[in-house]
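Down below are the structures I want you to see.
In what comes next, chain A is part of two complexes: it sits with chain B in the first one and with chain C in the second one.
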Partner chain A sequence: MLRRALRLRLGPCLSGRGLGTYRGGSTLDWDGKVSKIKKKIQSIFPGRAWSPLYDTSHLPPERSDVVIVGGGVLGLSVAYWLKRLEKQQGAIQVLVVERDHTYARASTVLSVGGIRQQFSLPENVQLSLFSAEFLRNINEYLAVVDDPPLDLQFNPSGYLLLASEEGAAIMERNVKIQRQEGAKVCLMSPEQLQKKFPWINTEGVALASYGLENEGWFDPWCLLQGLRRKLQSMGVLFCQGEVTRFISSSSHMETASGEQVTLKRIHEVHVKMDHSQEFQPVECAIVVNAAGAWSGQIAELAGVGTGPPGTMQGTKLPVEPRKRYVYLWHCPQGPGLEAPLVADPSGAYFRREGLGNNYLGSCSPTEEEEPDPGNLEVDYDFFQEKVWPRLAQRVPAFETLKVRSAWAGYYDYNTFDQNGVVGPHPLVINMYFATGFSGHGLQQAPAVGRAVAEMMLEGHFQTINLSPFLFGRFYFGEKAQEHCIL
Partner chain B sequence: MAAPRASLRLVAPVWHRGTSGIRGLSKAVDPEGSQRKGRTLLQFLTDRFYDVEAVREYLLRKQVLKVQKKNRSFTYIEERYGPYVAGAYFVLKQGGAVKFRDREWMRANEQGLSSLEFRKLQEVPVEAVDASGCAINYQGLDNLLALKELQSLSLRRCPHVDDWCLGRLYHLADSLQELSLAGCPRISERGLACLHHLQNLRRLDISDLPAVSNPGLTQILMEEMLPHCEVLGADWAQGLKMGPEEQSPDAPSAPPHQAGSRPGCAERPTAHPSGSVGLTQLRGSGWAEGRRA
Partner chain C sequence: MLKYIIPTMMLMPLTWLSKNNMIWINSTLHSLLISFTSLLLMNQFGDNSLNFSLTFFSDSLSTPLLILTMWLLPLMLMASQHHLLKESPTRKKLFISMLVLLQLFLIMTFTATELIFFYIMFEATLVPTLIIITRWGNQTERLNAGLYFLFYTLTGSLPLLVALIHIQNTVGSLNFLILQYWAQPVPNSWSNVFLWLACMMAFMVKMPLYGLHLWLPKAHVEAPIAGSMVLAAILLKLGGYGMMRITLLLNPITDYMAYPFIMLSLWGMIMTSSICLRQTDLKSLIAYSSVSHMALVIVAILIQTPWSYMGATALMIAHGLTSSMLFCLANSNYERIHSRTMILARGLQTLLPLMAAWWLLASLTNLALPPTINLIGELFVVMSTFSWSNITIILMGLNMVITALYSLYMLITTQRGKHTHHINNILPSFTRENALMSLHMLPLLLLSLNPKIILGPLY
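And then the complex of A and B:
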């Protein structure tokens, strides 16, 4: 306390002024004075922000064991599993730093909210299966005494992926892998498809895979708020601010083969407040980079990728924001209640939304037509030229439709292999990644959170082995390519 | 600064600086349900003391574990007597009733379930299960889905059957002809959407589902989805017939419009096709609002 009083680096402080002196004030503001005195007295009680010189209640704490950069579903999931798997209650202090409490540009809340097990990598299937189990039992995992149970609005309608002639063999192989991991997927021929969903035009479709259980879509905002509520009850601190700087120390070491290597360790995170130059240096032991589309910037701040290219030091985190549109339209004669989330071989997909014949859908643009990720403006011409023709060709009822609204969101796109990055960085030894999931982060968030928490607490993955997703693969060039990306 | 080690430790009501705390957040999750003006003493104590909160969390956890224990799978019985007997034992233990083929309905009596009968019933398939009011959940449904010749399933008023469970019923698609979900508090139209697998279904009862947002519209969509099935549920035309008679207690704020609108209202049901009539009933609580809209 004494040290704090003597610290010279102070923000705007009122040490020079006593209570009750106002600039040019001729009126004696008694109510204001009394409330100020009351606030000061209250802040002395245990649990409050005691700061003798000025009000710091809006700032994050001065030290925290773990700082999680990014308050989206992945960051909150890591925080949840850290608090759940800690050996003693209250052992680990966690601080979640989120730049925007309204989540206006966060990928979590702008997502279509689907969950599927139809991936090509067994690790992805396992992650989705555990996440489905988490969502199914969400009121046991995220139960808070006295608070109402969560309703995720889950639609168990499944995903229907269609494949053309070229993709049929790959689809069969993928389905075999998915079944081995325990996913319930069935393969359908074009005739069976026509019989089951008469509104589909099966021209050009050689094979279809239909997820029967644990697949569908849900409300991501509800999951996010449920996690926040539970974390608040578990004692995790939330802070609204932006991470602007990392203070770290380096140590030069030599490997067994005589190479020089520089290991870095982050000591402090500078969290800057909104609309002000005020910042708080937070001393921390571990930093988790769960900043989603902006993880690349955070990694650069920590010094990842600053070095000669071709070395581990020079390997950047290849995660960048990519803009994706989602359109909502109304089609009076469209598919009924039984419609799953249908994904065309050309990349266009759609799903039913509600009971009023409304549908959501979009298409991922090719590399050449990637829109500029500087803003979240929607391009309706993209729908006219790219999305609508493909959808109308697949579902003839969609020839008459009316677009009601649209929005855009970011994918935290991993340009290397479109799969997530988890685990510690080999050189910045206390920075852990949980990002880069390129459009399937929401559906894998609970499982990834658990894996990262296990990595932090035990040092290795215990339940699901995500070694193919470590950072080292960018340097060694080992792609863990995911083929089924929507 | 170490907190004093007392048996009741004070918890600061403000969890962290910046937002209004848990109460403020739960409003975001469930805005309608958190009008807790009269908070009970227990809730106040839970906010203030860690120990009270821990005890309540323990009791909550115990309740959840109780339901899970009821839904465990009886692997010994399944290995010994086969899937039909295991499923029947599960239902009888929960308090339901089971009907084997060519036999009467069986219910658990006070003496319990004797194993002598089961030895004779090893190869006899189960045709009907009445699990009304039982605490069956997603895990427990495993036992029922093994009954491959099940023709009639009744899950009335089951408190733990939700949309996820309905997503598993496709296993019984070949044989199931009658399904009743009336009164289940957790089932919504999203779960009902995955009943399209049950193409052999002839009778479906979806009445009195509180979580379904639009009962009339849902019934229409279910009838379209399952053309060979008779769907019993919310009678979407019921509200319309009762409309003019119910006008005075329901809409006391609009007496001047009643006299003028009543003669016109009687013609409305015949003039419009089924879809919009259902929507009109759903849109307003009384005829006055329906016409104004």
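And then the complex of A and C:
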């Protein structure tokens, strides 16, 4: 303050140089030392964090009520709804542990970003419907005081799923289910298709379903940042680290029918810091596994699946990372602005990207040609051999396209039935899952987050009943198979 | 008095020389035996006090507090067993020695004749408490909590030292037994106003008075269970006890000096009760309820009528047992779920019915259900403040309603409703925990059969 006063008084005289500094700085670095001492004194005052021994600001807190493993859109969504649905503000302490804050390998930001209601399970349709409503009103949900509103760049262009002769009956049935849940989908014959989208080659297409409302694509990075910003304003703690260990305790109990079970409870989560051996044990009451493609590893750390196969203890979480490529190409003669996200019966799909005649798309590989998920290298031969011919066959204008770039991302692929896993594990009773959505996790994230938060706070699903997605189905063998997977 | 001090002091070599698997058994058993001998103190003479020597005495005000102190040590040791499981034997012995040292200082504080001796022991109790809070507390905020606790109490009590030495110089003696009869009226003057403030502020901070209560939620929440128990049950009563002793010397200026503090306490008790309704952290709720109950005690002591003194003493004992029991219950929850948030552990009645019975009893005594001694204390205080000023009955009535509200809110949130999935496998109640709760409840219920022993010297 004295400096400021002096500067004001001597303003015209000094040539704009701050008091106390001189050319070249000082080897003794007085300014740095003074500010360090000031910071230390300030930290001793009541209300500030004070650690007399060493600086622990990079470590997560020693205890937290809920620890969410994974800071992708699903984890942040669960945190958001937890803070939103808690009865009193500030009741629950939430910690989000994310290994990589650049999100370099996270599925959220590498995703194509589409949202559709055209699923075969009614629960999936309901989830996407709520998520679409969330995204439409995102600036009411995720508003932060004094911050600019979010621009999700939502393109409501819809999805166009094409079906061949064999798939036509299934498509009709699915559309009926979707309409029952409230999705607006229209069925088109090949002639109507040709009239509406003249650039499509309708050979081999028997039926098409076109989403009229709440379908399209958006910017997942913007959703992620919006959620992060809102969560920080709501008091959720973020920490960069990797979960390496769970300290848990087991107790032997008997079910009502007399059989013995061992129930496990996680007491502590060990979060290891990057590039160091330092770790912090975080005491917690609940752990949420939202680790995406690596949920299987986290589940194994908690002891899910360690047991004789064929029992509930031995049932692993069947979520594994599957690499999927996305290619970006330029085609001036292409479909243009009205093009929806077109999904061919052969598995190839594409959508418009931006306003410069760019498109992005890909094709899901078959089981035999699954790429190695060890790294995120792109295989351009896959495009040449598998994707381009199918695209060119469906849209003749794509014969003259030029690939600009490509990237690869992981699906948190549920090998059992390609649908998400939500809810608590029956045996590790304080681990909740929110993972395994196999490519449609981003679009269902807001609704899934709400469902998991309801499960944690109330004990049952309140708005959307996701009981077909509980963990128990892996043991009982009840598949909730999703047929419309891109 | 040596018959209590020396055995308590010898508890320390007992723990250090015990075998590792006998530490808890030895210390708990022997401290329980010592607490039974404390009942001998009840043998009071008529209107006078039981004088052991020139240094120690006990009268019917300090006797119940002493018995409570000595009763609490085995309870604290029982409650701490679980969270110290993982520590090394040396650390465990260190913890027990801290508790025993604290016990020693507390016994000497409550029986001190000489007021400087009382002051020294009063300050000495801060040191083991600080060590317990900062070393064995659960979170990083405990350092902050210890700081608040230490400096609030020190700043409040430094003027007390000056005032005591001044009184020694003017009156000639600080021996309490003599002072009772030698106390001269303190006329109104600025220096006497400061004398009054200097004497009382230490105890106001300790009670705590509403405006100076900031240290209490922090210290209670961050302390380990034994720390919370001793803080809530005894250390707060040190303030009440000291106030009761020192007001003997401060007439007649207490008549008008006490007004701002009575107002502050009356307002504060409603404020802190209302805050309890908004708390999400269980321990924090119990800490604020302590402030609310102690505000009643402050009002009672400051209006200085026989009924109010009886109510204050009864309320101190009753609150000591009830608060300590509530902290033990909250701790039994915390040890199972590792979270203090109330809404994460709901519906416990279906899983732990016996513990639910203890929760019910503790909540009922907390809201001053007849015929417990909690009610006797509160009723005496309400009646005496009503006769002091009729309007206070509105505030007191409002406070009793809000106390009932938050006690039942705490009970219903933790015990009733559907239990959440993640508490399916909590361990059933240990015998140790049930014994702990029953040892809290039994004196409380038995005292309602014969409350005159806790009604203090004015009965």
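The definition used in the following text is that the second predicted complex is superposed on the first by the 446 of 486 C-alpha atoms of A that agree within 3 Å, B and C clash if a C-alpha of one lies under 4 Å from a C-alpha of the other, contacts with A are read in each partner's own complex, and residues count from 1 in each chain.
In the analysis below, a residue touches a chain if its C-beta (ideal position, glycine included) is under 8 Å from a C-beta of that chain, and two chains touch if they have at least 3 such contacts.
In this text the structure is predicted, and so the values were computed from the model without any measurement.
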Which of chain B and chain C A:I429 touches, first, second, both or neither: second
First, second, both or neither for A:E283, with chain B first and chain C second: second
Contacts of A:P198 with chain B and chain C, given as first, second, both or neither: neither
Partner chain in contact with A:G258 - chain B first, chain C second, else both or neither: neither
Contacts of A:K87 with chain B and chain C, given as first, second, both or neither: second
Chain A positions touched by chain B in one structure and by chain C in the second: 46-47, 49, 56
For the chain B and chain A complex, residues of the former touching the latter: 1, 3, 10-12, 14-19, 21-22, 25-26, 28-30, 33-34, 43, 46, 53, 56-57, 60, 64, 138, 163-164, 166-168, 170, 188-194, 196-197, 213-214, 217-218, 221-222, 224-225
Chain B-facing residues of chain A, complex: 45-49, 56-59, 101, 136, 140, 143-148, 150, 153-158, 212-214, 216, 222, 225-226, 228-229, 232-233, 235, 237-240, 336-338, 352, 355
Of all residues in chain C, those that touch chain A in their complex: 138-140, 143-144, 147-148, 278, 280, 337-339, 341-345, 418-427
Partner chain C, residues of chain A touching it in the complex: 44, 46-47, 49-52, 56, 61-63, 65, 86-88, 90-93, 251, 253, 263-265, 267, 283-286, 424, 429-430, 432, 455-460
